[in-house]
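What follows is a pair of complexes built around chain A, which joins chain B in one and chain C in the other.
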Partner chain A sequence: MRLFLQKLGHQALHELGDLALFAGKILRTTLSTHGNMGPVLSQVASISLRSLSTVAFAGVFVGAILVLQFNVILAKYDAQSFLGGLNTSALIRSVGPLIISFLLAGKIGAYTAAELGTMRVTEQIDAIECLGTNPIQYLIVPRFMGIVISSVILLALGLLISVTGSMVVANYSAGINFLQFASSIPKFISIGTFLGGMFKSITYGTIVALVACHKGYTASGGARGVGKAVTLAAVYTNLYIVIANYLTSEILSWLESLSHYFNLLAGGPT
Partner chain B sequence: MSEELLINKHSTGRHILHILHILGRPLHQAATNWWAIFILFGQTLSRLPRASCWRREEIILAIVSSGVGSLPIVVVSTAFAGIVITNEIAWHMDTALHTVSMIPGFTGQFIIRELGIAIPAFLLASKVGAATTAEIGSMKVTEQIDALRLLGIDPVTYLVFPRFIASMISSACLTLIAIAVTLLCAITMAVLRYHFSVLEYLNALRHFIGMSDVLCALVKGIVFGAIIPVIACGYGLQCEGGAEGVGTATTNSVVSSTIAVIILDFVLTYLFMSVF
Partner chain C sequence: MSIRFESISKSFGPKTILNNVTFEVSKGEILFILGKSGVGKSVTLKQIVGILKPDTGKVYVDDEDVTTASQNALADIRKKCGMVFQHPALLDSLTVLENVAFGLRTSRAPLSEAEIRQTVLEKLALVNLGPDILQSKPTEISYGMQKRVSLARTLAPAPSYLLFDEPTTGLDPITTNFVNDLIFDLSRKLQVTSVVVSHDMACALKIADKILVLDQARILAHGSVAEIKKSREPLIQSFLSEMLAEPTESLAPRTEGPGIPA
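Here is the complex of A and B:
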């Protein structure tokens, strides 16, 4: 048991250290080269367009599932008037970003890992290096930036679609019409909720981008190696996203209580 | 040839055909893939009554690699999910009703009905799905599957069926384990931060949760466990074109099984809601 834990700890430290070194390399390359937005924008366009339909589809169903579940639970407390607010708030604060970024981990993360992994095992990255071009600058930085930007866009769109979808489902299956649904939303949602959701999206996007680029870039060993890189990228992204979900929600609740105290000090509305 | 000439005469018609071609190709591709997966599902189910297909060693090996292999990640993820869901629901209750006394019932129901089932299913879709597609896809591109067929061994019986059975068994177990871990962490959080006692929590839970909820969770877990390996094997068996093909197939497999889990979750939730 102790040996197992030792091995696990060693592996985890190794993994995180590798990831941190890779992030440092990306950051250094970004800062030391002049910003060229062209490749980044083309990555944003291709990634967003490719994943838009998937995210929209998943968004509607996630909203629908939440409405069904919350409706059953709230009906037991006779508090169905809170359905709209509770559903929207839960979607934006935690469930929506979590599940949509699980999907992005597969759609964007695995795709990028497969693309970079194929380039690695067919020695295209070595060829780029031989030509005197920095592969991190040429391949990784535009993808990294593109994934972070487009995952924020996609999450925002996905949340919008899932709130709309849950409104429709609430109308048909829970008997809560659009006005009833919308009228309970302001009770739970403020500008801080949206900022929190954005903060979570950026964090998850960075995780997806970093892990996918790292696993793809360090792939080795032919077709089997590419498959392994894609699997590892999907699994580690999901694991890190769940842990980041906990950390970001702790940070956000801490910030919320901080702003609450500041409001009290300033004598403003709480 | 004559058709082409006809189209060239009317340039609007050609544009429309071009647009239809662009839109239709991915749809056609998706329809072909899903039809093949559907057929594979039927073939796998048809192996169920044949005793010769139940090879114990293969199934046990697959359970070890897919079920026991995903145990650590499922436990870690659901533990964090349990902590987060308690905090979130406490915040909502506090905002709406200025009381946190409803945490046990609300959290417990949400975990047993949804969270403890969905999160392991997503993790299995990405871990088991991707690993299976990668493995079978690299067998396909290195022509090992063709070799199996030449030797007269049926790839569905030999590769797909053991994974199918193993994934159903391990998904059912993992769902129950995940629910237990999530509940445990939620209880710990409620005791430490919101000052409930354990007995109080369990007593509140007892009012809202029955055996039927656990059975529904089990059925959902088994259904998710049944579709994930079939989708993964389907993409793996259709894979072609070297390393690039394996990468694409693995990506598609992860995305399709996640979407399938989300849709089936909705359908099953709706069904159980109208039945119970």
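Here is the complex of A and C:
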């Protein structure tokens, strides 16, 4: 058992160390090369367009599920007027960023790992290097930035679609009309809630981008190697996102307590 | 102007691929590296352009140490060396034109779009391909054509050194002869130094100036074609005896080749 845990710990440290070094390379390359935003914008457009239908579809259903679940609980306390606020708050705070990042990991993360892995095992990345171009700059930076920026865009669009879907479902299944639904939203969310959702989204987007690019870029061993890279990218991304969800929730709730404390000190609203 | 390996050792995990290997390739020379699969032929080639680093030893290109070169110095070395990979290694998302132009766009002396297009057409013509495939994606042309486009891409920036990793694998006999003639012509007429990794002893005897045979992580033999032919080493004898089945005309050494203007 001890040996197993030692091996697991060693493997986890090795994996995180590799990821940190790779992130360092991306950061260094991004900072040392100025400005060509063309490839990044092309990736943002491509990723956002490819993922939008999936995000919209999932968003509507996730919103609907939350409405149905919250409605059961709120109805017990005759508090259905809070349905809109509670639903939107849950979507922005946690469910939205989490679901969108899982979808991104499944769709774009797997695609990126497979694409880069294939380029690696068919020597395309070596060829780029031999032709005097830095493959991190040419291949990785646009994909990395593209995924991170797209995750924020998709969060915004996904939330919009999800809240709209929630309103429709709340209307016909709970009898809460659009106005009642919308009027309770400001009671539950603030600018801080949006910023928190965005922070989570950027964090998870970074994880998806980093793990997918790393696993694809370091793939080896032909078709099996590419398959392994894609599988590992999916497994590690989901694992890291769940861990990051806990950590970001802790940080955000700590910041929320802090802001609540300062508000009390200033004599403002609690 | 040469490529020099000094006491190179390279291992992958517990497996030693190269052990204390030393050799030199002079300007304009064609060196064939032969050996069984997995003896480190491709590893040797990739160390010349710094894609792989040796565990110990030094690799020099034009007296510049590749093993300790900075990223910028390494980029300069790579611009002098064109490498043809075992796979065509063309970028799937780019057209044939963009693939062949790839190295030209990153060159230190910027070229106009018209100059780039002209060079691309010239290099494609050199490998017997016409302008009709310029806008095709690599997946839309045959494997043999992909290999030739890959060769054109390598030739486009006019490198001083050409490194070939099994350039004729998967090609038909006519294209194989064509590629071998091209390597010979580039060396004789443009003084391009070539290092060719291959299994093909017949081809080596036909166009090589020198042959290096790798076996069990070391150099088994290194010398001129005549010296290699005289070797009593069993592996070399086995390579030579394999060739007895080949048509005798393929063994006749090349003396000159048409195609490339001197």
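Rule of thumb we're sticking to: the second predicted complex is superposed on the first by the 270 of 270 C-alpha atoms of A that agree within 3 Å, B and C clash if a C-alpha of one lies under 4 Å from a C-alpha of the other, contacts with A are read in each partner's own complex, and residues count from 1 in each chain.
Going forward, contacts are C-beta pairs under 8 Å (C-beta built on N, C-alpha and C of every residue); 3 or more make two chains touch, one makes a residue touch a chain.
Treat the numbers as computed from the prediction; the structure is a model and nothing was measured.
Trainee: Between chain B (first) and chain C (second), which, if any, makes contact with A:F57: first, second, both or neither?
Mentor: A:F57: touches chain B, not chain C.
Trainee: Once the structures are superposed on A, label A:M167 by its partner contacts, choosing first (chain B), second (chain C), both or neither.
Mentor: A:M167 contacts neither chain B nor chain C.
Trainee: Of the partners chain B and chain C, which touch A:A105 in the superposed model: first, second, both, neither?
Mentor: First partner only.
Trainee: Using the touch definition from the top, say if A:I47 reaches chain B (first), chain C (second), both or neither.
Mentor: Neither: A:I47 stays clear of chain B and chain C.
Trainee: Mind working out whether A:T133 is in touch with chain B, chain C, both or neither, as first, second, both or neither?
Mentor: second
Trainee: I want to verify the contact counts: of chain B and chain C, which reaches more residues of chain A?
Mentor: B
Trainee: With both complexes superposed on chain A, which partner does A:K76 reach: first (chain B), second (chain C), both or neither?
Mentor: first
Trainee: Looking at A:N245 after the superposition, I want to know if it touches chain B, chain C, both of them or none. Which is it: first, second, both, neither?
Mentor: Only chain B; A:N245 stays clear of chain C.
Trainee: Touching A:T122 in the superposition: chain B (first), chain C (second), both, neither?
Mentor: Touch status of A:T122: both partners.
Trainee: Quick one: is A:I92 in contact with chain B, with chain C, with both, or with neither? Answer first, second, both or neither.
Mentor: In the superposed model, A:I92 contacts neither chain B nor chain C.
Trainee: In the superposed view, which residues of chain A touch chain B and also chain C?
Mentor: 122
Trainee: Help me check something: in the complex, which residues belonging to chain B touch chain A?
Mentor: 72-73, 76-77, 80-81, 83-85, 87-88, 91-92, 95-97, 102, 105-106, 109-110, 113-114, 118-119, 122-123, 125-127, 130-131, 133-135, 137-138, 141-142, 208, 242-248, 250-251, 254-255, 258-259, 262-263, 265-266, 269-270, 273
Trainee: Which part of chain C faces chain A closely enough to touch in the complex?
Mentor: Its residues touching chain A are 46, 49, 51, 71, 75, 78-79, 81-83, 85-87, 89-92, 102-103, 106-107, 150, 153, 157.
Trainee: For the complex, which residues does chain A have touching chain B?
Mentor: By the definition above, chain A touches chain B via 8, 54, 57-58, 61-62, 64-66, 68-69, 72-73, 76-77, 79, 82, 85-86, 89-90, 93-94, 99, 102-103, 105-107, 110-111, 113-115, 117-118, 121-122, 173, 187-188, 222-231, 234-235, 238-239, 242-243, 245-246, 249-250, 253.
Trainee: State the interface residues of chain A toward chain C in the complex, per the touch definition above.
Mentor: 119, 122-124, 126-134
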